[in-house]
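Following this line, the structures themselves.
You will see two complexes here that share chain A, one where it goes with chain B and one where it goes with chain C.
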Partner chain A sequence: MRETLTRLRYRYWPDHLLGEILSKRWTETAIPVILLLIVGFALSRSLEHFLSPASLADTARQAGEIGFIGLGMALVVIVGGIDLSVGSIFALSDFCALYLLDVLNWPVPAVVVVTMIVGGLLGAVNGVLIGYLRLRAFITTLITLIIYRSAYDLLIQRYSNAIASAFPDIPSWDFIGGGTVLGIPSVALVYIVIAIFGHIFLTRLRPGWHITAIGGSRRSAYNSGIPVRRTIALCYVASGVLTSIGALFFAARLGTVGGDIGVGLEVIVLTATVLGGITLGGGKGSVVKSMVGVLIVLLVTNGLTAMNARGGVNRMALASILLVAAMVDIRWQKNRTRIISKVYVAPTYHALPPPPPTEIGKGGPFEQNDRLRDVSLIGLGRIEAPEDVILDRNDVLYAGSRHGDIVRFFPPDYERMEVFAHIGGQPLGMAFDKEDNLYVCIGGMGLYRIKPDGTVEKATDETNRSIYSVNDDSRLRLADDLDITDDGLIFFSEATVRYEMDEWPVDGLEARGNGRIICYDTKTGTTHTALRGLKFPNGVAVASDGQSILFAETFGCSIKRYWFAGPKKGAVEIVMDNLPGYPDNINLASDGNYWLALVGMRSPSLDLAWKMPGFRRRMAKRVPVDEWLFPNINTGCVVKFNEQGKILESFWDLKGLNHPMITSMREHRGYLYLGGIANNRIGRFKLDNADPNFVQYDKRWGKSS
Partner chain B sequence: MIAAISEFANRLLGRGEAAITVPSFDGALKPNQALEQADILFECEAPEDVATDGTSLLIADGVRLIRLSGNSATTVRTFERPISALACLPHGGLAVALGGTEVRLYDNTAAETPATAFSQGLHAVNALAPAADGTLIATDGSSLRGVDDWARDLMELGRNGRVLRLDPKTGAVTQLAGGLGYAFGTVASDGDLLVSESWRHRVISIAPDGSRKDLLRHLPVYPSRLSPARGGGFWLTAFAARTQLVEFVLREPAYRRRMIAEIAPEFWVAPRLRSGDSFKEPLQGAHIKTMGVMKPWAPPRSYGLVIRLGADGLPRTSLHSRADGVNHGIAAAVEFGGDLVMIAKGPGRIIKLPLASLGEEARA
Partner chain C sequence: MKRVRISQQEIVFAVFAALFLSFSIFLNGFLSADNMLTLLQNVAVLGILGLAMAIVVIGRGIDLSLIAALAVPGGLVLQMVQNGHSLPASLLAAGLLSIAVGLVNGWLIAYAEVPPLFATLATGLFVAGLGQAALFQLDVVQWSDGMAGFERLGQGSILGIPTSIVMFAIACVVVFILLRKTRWGAYIYAIGDNPFAARVTGIPTRPIIVLQYVLAGLIGCFAGLVMAASVNSMPTRIFNSTLIYDVILVVVLGGIGLSGGRGGVVNVIIGTLLIGTMLNGMTILNIPYAGQNLIKGLVLLIAVITDTFLNPRNEETAQQGDI
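What follows is the complex of A and B.
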């Protein structure tokens, strides 16, 4: 009963999504967005006219003006600084625009351009001081805040009357201040255009990446040749220009130069920036975050004003929000990876029936024996981690190594060894195509092709992205084993889409169907996912009908058959399940049956743990990986089976001294060659009653050597 | 209330009592492979305890009592049940515990009938030691599980070990201490009694008035029998080492319950006296043979360890057989002649190391 509940709970509740969602970068934007929606909803319920077009247009105008300043602040904060002088620059730009327009009667385009230049110059003062002279951003902009504000105060003493008495009636100026296009205020439109450009700039253009890089690590950015000083200085210039654009719209809308213009603006903008999720430490942030932050702050302040809160309360609320946002930001940045690593591992319920007996004397096809005891060794101590082995028609033996090489040993004694090709990742399954190209699955890289002359080419490293997957599963993480059909389709397994190759134990701990079978078409060069949701798919072999493949699910302890063509196209059938061990590679035997490596054997303690996901989740959190309960891959065996799912014989090595681990085997001219991913040797075993002329290549491609 | 909340929080976060921390082998417990270099004195099926009367070694091997003098082993006598503890008494006497439930005292090793026999209230007597006042001290590991079923007692968090005083004159059995997490091994020291409390990973000292004191705490192993060492101090054996996985399982009641119910004991996630016999045993991450080698630092499912304690009860030095070794499950160690003779229950061996080879700390 309890077990049924556990099974249902883990079957229908997607535990693994939480970690995947949290590890997405957009979750950091999602939280402010949710906050914005909550604030918006609360206000629309408590204020009557909140959602009226007039009110929305008014909010949009303000949001646009502050939004420009927010964009500037976002740039400066992302590059690792801060700009406190925005309020004063705003005031000076406002004055500049109105002075040029009202007192000097300049034309509007000239006013706009010159105001922006003035804003840029004011920002450039900050930029030079901070970027080139390396002053502290905080103190520098605090000083310019005071200086610019004093300048503004002096200027308005002299000119405020002249400005106030002028009533310019210029349509274009009015359009800037209060015009709409299709009901959308002009300022909001311009803001949207600039915001879209800003997003592309920050995420797609080189200078944007430079800015993020400098904010992330100034020294590394410098070391990689980024012009750090100039970029920083330009960010402050941009902040000044963007602030002056905001001021232009403000000037056009209100046309005043009051003493309190821009006072306290830096707090509002800073609150918006931090609240949007732009980290004060630098290196992280986006345009969307800035926009969301501005909207939240504006809604809160406007909402409070509409509810007749006094100015003091308003500022107090803003300051409190800033404090909380900064606090959350710091804690989140510090603990983000830790939290994700804690929730990412999501074990699920995986029940297997009791395994068939393997003990000597109990009978059955898996009864242990010592037939592999006399395996002779090839390349002992000279090769490391040969997961798969393969022989070509000239009897040359190929194997992968963990140094990222394909090495080969030459007959007759397999003493002479050379590096055939260097790829760089751990080679796993291998197969020859008709043209003697060697296709290799490389853990962490994808499917590669090695031509007979040793040139390495990438076949594929991506497939179609699945719609319902949160993690981007288009890149191949752990291509494992492959086989090639007569039509040149390469079916290969990808063991897991959630973990890297060295993290395979975590996938075993989860015991979820994280893996898939992928098909690469050598004729068209396209890749698509054939099957997904498999429990660590591993060995792949084309079946005798040429229309289906046999594949092993390591942690599913089963062999399945998948039809990719013919009348049963798309069907998946179980060939064998409830194996006593973990199946690995599958290869053809000389008598038409198949060899299967059991890389490890099931232990009752892990079988039980697989039925208790909570136990494994806690184990993952509290026990170091070296002490986890693992699938036992120290002992294994080789079995021969047929397509009907019958085990014909098994080969064991009781002590496992000679060849501890078996991940793969390949029959060739009466011998069985054994590979093991944690071994420093290749095994060679003389088969009785095997065809002494059997060469897999010849049999597969109908040639004879 | 607050205690309950904090206990809940501890369990949730893996802190406090719920922490699975195991102290590292450090200081005097720094690992070596000394036990792997030991000479094999004798191999037998089921060695359980060893004692010496000064002239020869007596070894309990299942139901057989074996005398080892020089290199010749002779079976002194056989009992109807396996011997679970053995002690040589002053004046040539012999005390044996049979099956954990009966203790017999003989005047000499050859005597036909026991001089005294105790059986009342005994359940899992696993060590005997003569006291200075002529009585016999016995540790009784558990009052629920038999001597061979200690792993179940550990997995059930057994807390009912006892220390008993057996008085041969009156035939009385007095309880000196109870509620122990598997009492296993005792030795008299200046009127006090030192007792190994295996499941609490400590050695306690019990004063004549019954008051207890922790002599050695937070051991990374499950301590077992104690014996006096020449020059003051003691030899403390440890029949298994703790691992974080076992500590974790001990804090997982549901898993333990099902494991006890559904899995054969030899395949439990529990310490054992030997390991690596079957692939059905639980395997931990570091156990995976890489390039053909299992690393000695892998978490030990079975381990061999003898600790030399000084007269103050503090560790001076230690002899190890690590995860990749063979001489595991050391349950008893005595000095005999110039050697330290030990019982390795894992491989079924009596092994010896010359004391002279063990360095200064082992002799002082």
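What follows is the complex of A and C.
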């Protein structure tokens, strides 16, 4: 009963999503967005007219005006500075627009352009001082704040009466101030356009990347040749221009030059910027964050005003939000990787029946023996981690090595060794096609092709992305083993989409179906995912009918058969399950049966742990990685099986002296060649009763001419 | 060849000297003893606040909540006395409020690791809001009879020197002793110079950072009391003014770098004198308030630019996030 509940709970509850979602960058934006939703919901419940069109339009207008300044501030903060003078630039731009319009009676387009130029010039003062003269942003904009403010005060003493007495009646000016398009206020529309451009600018265009790079590390940006000074200066100019755009809309809406216009604006905008999650000090931030921050600040202040709260309450609320947001942001930035590494491992329920016996004297096909004791060794100490071994038609032996090389040994004695090709990554499964090209699965890289002359080409490193997957699974993380059909389709396994090559044993701890079988078509060069949700798929071999493949699921302890063509197309059947060990590569034997390597044997402790996901989760959270309970891969065996799922014989090395660990084996001219991913040798074992002329690829593709 | 290095402190002092000389020569009545005292009296509160800011800035922080720390506890004393509480009880409450604000600031900065700029910006807003919403009935808290005698903190004179100047002097001496003669002061310099190295050498950095902000809060409260005593009321709307920027300018112009670990009380005095001289001279010249601000800003800008030319910032050792 309890077992069933556990099984159902782990079957249907997606534990693994939490870690995957948290490791996404966009979760940082999610926190302010959630806050915004909460604030919006609370206000819509407590305020009667909050959601009325008029109220929303009014909010949108204010949000647009402050939003422009927020965009400028975001830019300046991302580049690693701060702009305290925005409030004063806002006031001066407001004055400039109204002076030109009301006193000098300029046409509206000229007013708009000149006001933006004035804003840009005011920002340029900051930009030159901070960018080129390298003054401190904080102190510099503090001083310009005072200078611009006093200039504004002097100007309005002189002209405020003239401006106040004018009542311009210009339709285009009124449209800027109060017009709507399809119910959306003009200012919000312009803001959205600029925000979309800003997003593309920051995330897709070169100058945007320069800005982020400078904020991330000014010194490194300088050393890599980015025009640091100019970029910084231009950011302040942009801040000035954006502020003046906000001021233009403000001027058109209210048409006043009061003494307190823009006072304290820098605090509001700064609050919005931090609230949105734009990190002070630079290098991190986005347009969306700025937008969300502005909206939260505006909703809170407007909401409190609408609730007739005293000014003090307003301030206290703003301050509390600012503090909480800053604290959450900082704690999250600091502990992000630690939290993710704690929750990323998400074990699931995986029950296996008791394994068949392997002990001597118990009988059965897996009964241990010492037949591999007489293995002779090739390349001892000269090769590392030959996961797979393969022989071509000329009896040359190929193997991968941990250093990213494909090495080969020459007959007859396999003493002479050379590096055939260097690929990088860790070479795993290998197969020859009809033209004697060697296809290799490279862990962490994908599927590669080596021509007979040793040139390396990438066959594929991506497949179609699953729609519901949170992790981007379009890139191949751990291509493992492959085989090629007569029609030139390459079926290869990708062991897991959740872990990298170096942490593949963790996937065994999870025991979730994270792997897939992928098909690469050599004729069209296309890749698609054939099967997904497999428990660490590993060895692949084309079956005798040419319409199906056999594949091993390492942590599923089973061999399955998948039909890719013919009447049973798409069907998956179990060939063998409940193996006593973890199956690895599958290859053809001379008698038409198949060789299978068991990389390690099951142990009662892990079998039990697989039924207890909660135990494994606690272990992953509380115990250091090197003390986790991992699958045993120290000792294993080679077995021969037929397509009906019957084990025919098994080969063991009981003492573990010559060849304790086996991940692959290849039969060739009466010998069995053995590879192991933790070995420093290749084994060669004389088979009795085997066809002494068997060459796998002669049999598959016919004799070469 | 040894390059001549002129520190910002010396530049500001030179500017101050030049201003002082030209005012003395060209302005009638500038150099009179009365005017000198007026000059100092006007900037005494600014100077005391500068001392508070100096402690924090030397420890590589900044305290934007100082104006709130000046206005709200000071106003609280006046308000409580007005409401019939005794003066000592009111002073105690104000002191506790200042300590609480300092503790919150310090905790946020040292333990929650919020950048000082934001922590103090927010607490300042919060405290000002608290005063406005819960503590004060009017924007200007008036003097009441219960405060009798307390005005001597800001008015009158001791040995012919106006009391506010004496208060500034006392504050200078206390802060000087704290910074230069005690272990805590040395710790503050060490933290400002390199917080990580300070931590590694075993200095209790976090408690010391909290201490900085508590001290700043208490000094701010003291400045508030001096100010209230000298004008017989507490205009709490002072929070909305640009006074905090003046305080920062006093500190920075005096030569206490915002990156911490440098400067001391002398720098605050120099910075205060410069601002004081400028304001005083311009008042005598009858320049309007906005014009004064404009000139003040331009002079400051020139001083900072000159400093940058004489002591360029080192791109290689500049710290990330040092704005």
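Assume the second predicted complex is superposed on the first by the 702 of 705 C-alpha atoms of A that agree within 3 Å, B and C clash if a C-alpha of one lies under 4 Å from a C-alpha of the other, contacts with A are read in each partner's own complex, and residues count from 1 in each chain.
In the analysis below, a residue touches a chain if its C-beta (ideal position, glycine included) is under 8 Å from a C-beta of that chain, and two chains touch if they have at least 3 such contacts.
Only a predicted model underlies this, so the values are computations on that prediction, with no experimental measurement involved.
Enquirer: Of the two partner chains, chain B (first) and chain C (second), which one does A:M327 touch, if any: first, second, both, or neither?
Expert: second
Enquirer: Would you check which partner chain A:I146 touches, where first means chain B only, second means chain C only, and both and neither mean what they say?
Expert: In the superposition, A:I146 contacts chain C only.
Enquirer: Once the structures are superposed on A, label A:M316 by its partner contacts, choosing first (chain B), second (chain C), both or neither.
Expert: Touch partner of A:M316: chain C, not chain B.
Enquirer: Can you tell me whether chain B or chain C touches more residues on chain A?
Expert: C
Enquirer: Touch check for A:L133: first (chain B), second (chain C), both, or neither?
Expert: In the superposition, A:L133 touches chain C alone.
Enquirer: Please indicate which partner A:R681 is in contact with in the superposed arrangement: first for chain B, second for chain C, both, or neither.
Expert: first
Enquirer: Report for A:V623: first if it touches chain B alone, second if chain C alone, otherwise both or neither.
Expert: first
Enquirer: Report for A:M661: first if it touches chain B alone, second if chain C alone, otherwise both or neither.
Expert: It touches chain B, and chain C stays clear.
Enquirer: Between chain B (first) and chain C (second), which, if any, makes contact with A:M601: first, second, both or neither?
Expert: First partner only, chain B.
Enquirer: Starting from the residues of chain A touching chain B, keep only those that also touch chain C in the other complex, and list them.
Expert: In chain A, nothing is touched by chain B and also by chain C.
Enquirer: In the complex formed with chain A, which residues of chain B make contact?
Expert: Residues 14, 20, 243-245, 248, 252, 254-255, 258-259, 262-264, 267-269, 279-292, 294, 298-299.
Enquirer: What residues on chain A touch chain C, complex-wise?
Expert: Interface residues on the chain A side: 80-82, 129, 133-140, 142-147, 149-151, 153-154, 157, 217-219, 222, 263-264, 267, 270-271, 274, 280-282, 309-320, 322-323, 326-327, 330-331, 334.
Enquirer: Would you pull the chain A residues touching chain B in the complex into a rising list?
Expert: Counting only chain A, the residues touching chain B are 384, 505, 600-606, 608-609, 612, 614-615, 618-619, 621-635, 656, 660-661, 678-681.
Enquirer: Any idea which chain C residues touch chain A in the complex?
Expert: Against chain A, chain C makes touches at 108, 112-115, 117-119, 121-126, 128-134, 240, 242, 245, 248-249, 252, 258, 288-294, 296-298, 300-301, 304-305, 308-309, 312-313, 315-316, 318, 320-323.
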